[in-house]
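Next come two complexes built around chain A: one with chain B, the other with chain C.
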Partner chain A sequence: MRQLAVTNALLRTHPDHYDLDDYEGGVARWCTGCGDNAILAALQRLCRDRQLPPEKTVFVSGIGCSSRFPHYMNTYGFHGLHGRPLPIAEGIKIRRPDLDVFVTTGDGDCCAIGTSHWIHALRYNPDITVVMHDNGVYGLTKNQVSPTSPRGLRTNTTPSGSPLTALNPLTVTLGVTNVSFVAQCVDWMPEVVHDIVAAAHDHQGLSFIRILQRCPEYMDGHFEPWIRDPERLLLLTHEDGLQPSPSTSSTYRNQRDHDPADLAAARVIAETTDPIPVGILYRNDDVPCYEDLRRADHRFDPEEIRAVVDEELDRFTIWPTGAAGS
Partner chain B sequence: MLTNGKPRVRPPILLDEHVIDVVSDSGEGAQRCGQTFAAIAARSGHGIWTVEIIPAEIRPPARSIAGASGIRVRIASADVTNGGDAADLVVAFNDQVLRGRLRAKELRPGCVVLLEDKWRTDADPDVAAAYSQLHDELSADGFVVHEVPMERECRRLVDDPWRGKNMFVLGLLCRVYDLDLALAREQVAMTFAKKSAEVIATNQDLLEAGWAWADEHLDLRFSIPTTQVDEARIVVNGNTALGLGVMASGMEVCAMYPITPATSASHYLSSVFERVGGVVHQAEDEIAAATFAIGASYAGKCAVTITSGPGLSLKQEALGLAVMGEIPLVVLDVQRGGPSTGQPTKAEQGDLLSAMFGSHGDAPKVVMAAADIEDCFYSVITARKIAETYNMVVVVLTDASLATAQQAFRRPEFSTDWLAPPIDQRPVPAGARPYDWDEHTGLARRFIPGQPGGMHCLTGLAHDRDSTVAYDPDVNQEAIRMRSLRLAALQRTLRPPTVRGDQEGELLVVGWGSTRGAIAEAVERVRADGHRVGALHLRFLQPLAPGIGEHLARFDRVLAVENNWSDRLEDPMIDDENRRYGNLAWLLRARYLVDVDCWGEAKGQPLQPGVIEAAIRTRLTQRVEVPR
Partner chain C sequence: MTTASPTGLLPVLLAPYRDLTELRYDYPVVLVDGDPHVESLTDVTNRAVRRVAARGAAGESTRRRALRVEAAIRRRVAGSGRGPLSELWKLATADVLATCPDDAAFADQLDLVRNAITIDGTVLDCDEHIASDVVQHVWAALHEQAARRAGRRVDELILRLSGILEADEAHSPAGCSPERLSTALGGDHRADFDFEAWSALLRRRPDGAALPDTRRSRIRSVLDELTTQRFFPAQHRADDRHPQLFHSCVAAIDAHRERAAARARLVRAMAIAELEADNRYRETEHDGFFREFDERSVDGRDVGLFPSSLVTIGDADLSGDEHAALFELLGSELPIKVLVEVHDALGEPATHIGAPPGRTLASMAIGLGTAFVLQTASSHLFQARADLAIGLDAAGPALFSVYVPAADDESSLSPYLAAAAAVQSRLAPAFVFDPGAGTDWAARFRLDANPQPDDDWPSATVSFEDADLQHRSEPSAFTVLDVAALDPRYARNFTAVPGATSPDDMVPAVSVLRHGDPDADDWLPYVVMVSDDDVIQRLTVDRELLRRAQRVGATWRSLQELAGIRNSHALALLATERARWDDDDARERLAEPGAVDPEPAASPPAQPTTTIGPLPDEAPPEDAGPPSGQPWIETARCTTCDECTTLNPDMFAYDENKQAYIADLSAGTYRDMVTAAEACQVAIIHAGTPWDPTEPGLDELVARAEALG
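Our next item is the complex of A and B:
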């Protein structure tokens, strides 16, 4: 009977099944029509599908519209500094490989102020899922140009239009040593977003997903031509990659078979901006994870520390004359 | 041993202590020579302190005045707490590095000089002339110059004396200071422990050659009585002590970015940390190092980031995040000369106020400073414990003068009490809130990922007890009050510091960090002349320990002595209304409403007891009435 009581107590704290609402935190305060809402729904669905224990799941974000994300999840969340979610996530993972760590970041957070962390996180390759919400504009600070803004975009800091060509996050990512998973999708294809975040989560290593996302406030109508013409999306399909449902396939008929193991082909596809490639561009399961290289799961043992500290002190010790160890 | 035909040797001169400089071009091994010499002296029962003489460049040109590389060793009968004043004896591998020390006024009048003589006959007439000129100049000025054929003697044993001269000089010094040759041989074997038996044997031969040459040719013997050591002691430098402290504190993650002069602490830690499962993460920049450590702390035990001034500046926003999120974090700042790139290899105590107030907004942090090498070790252990007890950022300040200085101190006895307990992964009780601040102390238990029921979104935004974003002005103010209260709660637990020397009288000298030994020595010298002077040294700068105000009140005047700049009243532009004080003086004036005077230098060198003594004497002779 007592054992049964203990089991019951455990069951209360570890429910045997999580529903979608078990992952729902605060009410999302994004604008109506903002693509972030679709991404939130996809990630909550992923948590439910994979039955991730909320207490073992951490969403880390930077600053920006998309970085409000962790507030809307009922998991652990870390809403930190502009540009810095990646090193925070790496730090979490270095001693806690048992935690499922997600990073939600934006095009400003990741591709401007946090660029160096982006490059180096790819190289460290910790086992985290990075979702880069790319709406091509700064929203929270009210309409400034972003590195991924299209050339000519008029914003408060580029009133006569952005003079620069947009940075392509896919080619950058695919050029970094140790890159192990790169995918792209668009917020208006919820089924594909879900399938891709699921594949990303299941990948061992850093999964980088760029999600092109509508901003109804400052980029209203920007993606309309692509939404209205499914031919302007290039669906990358493969038995080891995205396998769209028949209904998706019947709408998005511009498809190409692409093996995610083929880095050279992935780089060529990444150069394409119109049509927009959607799918898994690259996956390599053989890149070691940083936390594995650094023995993240080592259990600290006070006696082991004592032994090593004593051994080290021995190296520097001057023993009194006649004492042991001299 | 050669006994016949050597010059009459006078009996050794009995001394309490000596300051010895060994200087060479960079790469000739003067530092290794001095370190080994200090270790032999310490093992013989001497008190020792070493200070490295570091050129700013990795490979400065040979025979350049600015390129002097080497080491100062102060050896004494009793314990030594600082590098002392000018050198009593200098060994120079060439005349130009010697001229560098002369220009820097680092040689005592009448100083003994042991000088490599090969330059006298150098093929380049300019070199030979420069050598002769300095030699004659020194002799005329009363220096006792002994020319030593270092290269010629070494060439009998090795083909490339450039790499062997240092051990020849070591043997020379061991003979001059009457140290045990067998012990010296043993120490040389330890110095080259990672090298082959052949390398060790060669270096021991060079050592003996130096010994024998001095025995035969040098009528120069000093004897410094030793104190019998009856306890095990360790000899390490400040940065190694920091690394040892990190390991002994039970911290598991150190994130850093290379920066002088802090990096060697991480070098040492990297060489040992993995043996206990620890990780030294060299991040892509200082900001990443700080945020990586913050992530590791948030999800586990308190982590540490190690840096120097410019790195501290870069980390400030992240430190504010740790304050806001109440994430424990230890920051080790090995200070260097600033601002900007400043003097990377030189000592300065310039970061106290930026460590306290550097992050934007009201971001209370604990700031402590290590007073000597031993303190570097224990400060890290204390810092870790405070960080995790109060969920605060703790900055430990050391500086370049401690980083490479070596001291012998009692061997620490490891205690498992030093270690952090395993992280709490128990379910959070129903109804518990992530920032359930105690009304009196501001303390709140932190929830660590993995704890069922503790899910919340930690945020750098102003937040309430549930960690939800605070839009209510009262909620923001309450959180600020709670984060502030914890410093007061810590302050109540601190032991009042004690005054050394006189407990009341004419002048109280207050210091912090690496200057403790030099200030104490200066104070003792003026007390010996009958002045009533005390020395107060502060280990905690934020919060300031209880009882300090009472100490200040018992003296006619208070002088803060720091290794940083403060305006001097003798400058015609400076008066009481525009004078900029030293870091500590600002603090003391603000806290205790006492008209604290200050004196400091910003020469990039450790403060020497002699210059502090002079500053104290100036204050004592100025009969200025200070309003109380």
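Our next item is the complex of A and C:
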């Protein structure tokens, strides 16, 4: 809702200002060396840089290490059920489109138990930012195989090594109707993580970011070859996409110009796992958001809502003979 | 020669349009709900026929028969038969079918076309009421739309503020009482709950701060204002809005003045509500501002939130007070729209009387520079419908000056043709001045709705047979003299030239208007008319009328200049530049090859020989690090993993982006530094060389640091 000119003038005259520590919630209980810390720092920086009012920002999560996220943000949060953060976030966005809604989910939460919600959330395309922390293992429950675990990974549930090739969340996402924003990054490139979550937040629609994330407990050393050799990361750069700083470019010289509007090229890049592509694979600003398609022309008051619910319930009520409504 | 009587004579260019009911044109129009508000019957029929008639010859029969119904409607409406389209279509179909009662296929085809018409609304011809009917219809639609939009904003604010009070109430001791909890639950299951225990549990919850009394009282006061306002429709209240339709500018301004205080109170309440709903109201900063808030504090953009008022008034009613009030409101920011129906565009013939006041209103109003201004004639209202909607929807005031021939006009022309002739003759030129369209005249002012806007007078070719029965074609211009020839008040200004007489000194009047001196006596200007039986007749024009026509032409020229057509400043500049170019060209031609140029051409600007600062691609990388073996961290690459800060939180710290840097080297040892460098998963800590030569085990530590590279 557009505000009055006088309200805008007053808000400009006395603007609120938020520092990074205004977004810091409880002390993070992740393992030392966990990549989740870098993602937390990047999202807190984004909130500060965009000056998102904490009371107008919501982080929703499911279950898993990454889903501890809302506890560490001094914003509204919803630590939900396993695999269900997306429908909760969609409900929040439909009801309160004025809020900034983020979802933090893990590879198990999103790609296993939450798969159906993942697919349909992409198709509904609500204006939310989805950050998938992908460490390739169930860490919170002490080392079980996840859909994105590399083939051969020994875990408590795959003592002889995982027999399956890892699911590729990027190719799945890029295959869904109405997909509008897909990006990938790695947690050990903080500047790029920040830039990509910022681009995702600015996008109107569901932004899906897969962040490859280190787990020092159960996947220790898994990403070491990529950390030690910057040539094994492929930076996707474009004037409409990622534009790395000279400093980043001097370290990560393996770069490719990729137009995020090119879906076919994005799908080809998504198939690549080594070098790891980093950047914005796809963006389409023209896909409508579900909450815009279904926006009511006014906000319903409690009496109206109660009347509609009663009417619906009455349709299925079996009234005793002679009672009211029979 | 005899004195001409205009009755029965038509300007030659109007001769083909004597019977408009047989022509397809913009009228009649249909007033419909929703954008574009006004449709042409011709367009409605075309769309329906396109939907149902087969392409090519197969659909020709359906097309022809649908057009016969359309013509029948046109005839009915021309006879003051305005009414709903659905009803008129039914009556017109009956008219047409009566001519061929045995043709069943005919009726079926017309049913198909009828079913393909998806709109309905009142059908109107171009009569004396058309301007007020069309403007009121579009205004009412937009007005209601804006009012409902604003009403929803108010309702939403009421809902949000009520929610704050309800949440406060629910958290209060009274809200948590067993009695209140009991009433909140369905009746059939109350016995299953222990409301005392429930209440005790809720009271033990962490103490949520209750609303301060000042905030609660402020919200209640704002809610009072929002729920009693009379500017917008309210969701749960009978419609008691202020009336917004007036027939006097004075009355409209008075009403706005009377409502100004209430409007300011509502804006104040809405602003406070917006701040409160977003938890942004700060008493220390905002109390003082809102305490002093009154009519003068209301921002013009917020005035635009309020539905506009409409004034409809005739030019004859624009007396001194009304005229002053009109220009007062046009110079304000008030959302008041004014329709002035100009019934006399030509004015009285006496020379000492200038142009009639109604005709100059729009030209004067654009001088204010702030109001939307549209001038047109009733014949062109359909073409102007988009601009009409823009002006009615714009935030500030607007003037719509529409020439509508008076009902008692003694002219032999139909109202449509009389209005169209006024536009065609430049007497009532169509123009739009939209201050919201841009910052310069090129963006704000348009004349493109006029015929041949680049010319002084529009012209067309007339074909006729001469006295020898030979076919001839001649260009003929349409000027204000043609319109005057239709007005009985100007009969004495014309003299008929009998028979085929055509003295040598007779010239078309338009030639005099374009090039001549109207007071010169060396020729006889004339206009060409036709009689009822299509015989060409010339009428000479007297000097007095010629001078008047020249003044109309001069006004048109001024408008052309405003629209950038043959702008005199631009033409003068062009002439100067062309002369300069010609001079330069002549000098070059005179100069012999090899001759010394007296004024050597300026050399091209020298290229800069130095570059200030590094080129973008050569920018030094950040965190390049000290060169002298001092320990350092590539802060920009830090992943906030807590390794180093856990190891020694005094030596290592996070910056404002939560990325690590060396906060205090003296707070740790070289061993801490090397250990942190080894633990850093992204290898961004560089241990450097030891800074305390007395530290034990340095040889081993240096070897470990060197191993990190």
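Convention: the second predicted complex is superposed on the first by the 283 of 326 C-alpha atoms of A that agree within 3 Å, B and C clash if a C-alpha of one lies under 4 Å from a C-alpha of the other, contacts with A are read in each partner's own complex, and residues count from 1 in each chain.
Here, contacts are C-beta pairs under 8 Å (C-beta built on N, C-alpha and C of every residue); 3 or more make two chains touch, one makes a residue touch a chain.
None of these values were measured; they are calculated from a predicted model.
J.: Could you say whether A:E55 touches chain B, chain C, both of them, or neither, answering first, second, both or neither?
T.: The answer is both, since A:E55 touches chain B and chain C.
J.: Using the superposition on chain A described above, determine whether A:R84 touches chain B (first), chain C (second), both, or neither.
T.: first
J.: So, does A:H298 touch the first partner chain B, the second partner chain C, both, or neither?
T.: both
J.: Looking at A:E191, would you say it contacts chain B, chain C, both, or neither? Reply first, second, both or neither.
T.: second
J.: More residues of chain A are touched by which partner: chain B or chain C?
T.: Counting contacted residues of chain A, the larger count belongs to B.
J.: Touching A:P163, do we find chain B (first), chain C (second), both, or neither?
T.: A:P163 contacts neither chain B nor chain C.
J.: Could you tell me which stretches of chain A are touched by chain B in one complex and by chain C in the other?
T.: In the superposed arrangement, which is not itself an observed complex, chain A uses residues 13-14, 53, 55-56, 298-299, 301 for both chain B and chain C.
J.: Sort out for me which residues of chain C touch chain A in the complex.
T.: Against chain A, chain C makes touches at 152-153, 155-156, 159-160, 162, 235, 267, 270-271, 274-275, 278-280, 282, 285-286, 289, 297-299, 301-302, 305, 616-617, 619-623, 636-643, 646, 656-659, 679, 681-683.
J.: Could you pull out which chain B residues touch chain A in their complex?
T.: Going through chain B, the ones touching chain A are 39, 42-43, 45, 228-236, 240, 244, 247-248, 250, 252-253, 255, 272, 274-277, 279, 281, 283-285, 287-289, 291-301, 303, 317-318, 321, 325, 408, 411-412, 414, 416, 419, 422, 427, 447, 449-461, 468-469.
J.: How about chain A: which of its residues touch chain C in the complex?
T.: Interface residues on the chain A side: 1, 3-7, 9-11, 13-14, 16, 19-20, 28, 32-35, 37-38, 40-41, 44-45, 53, 55-56, 187-191, 214, 216, 227-228, 245-248, 250-251, 297-299, 301.
J.: Using the touch rule from the top, collect the residues of chain A that touch chain B in their complex.
T.: Contacts found on chain A: 13-14, 25-26, 53-56, 58-60, 63, 70-71, 73-81, 84, 87-96, 98-99, 116-117, 119-120, 294-296, 298-302, 304-306, 308-310, 312-313, 316-321, 323, 325.
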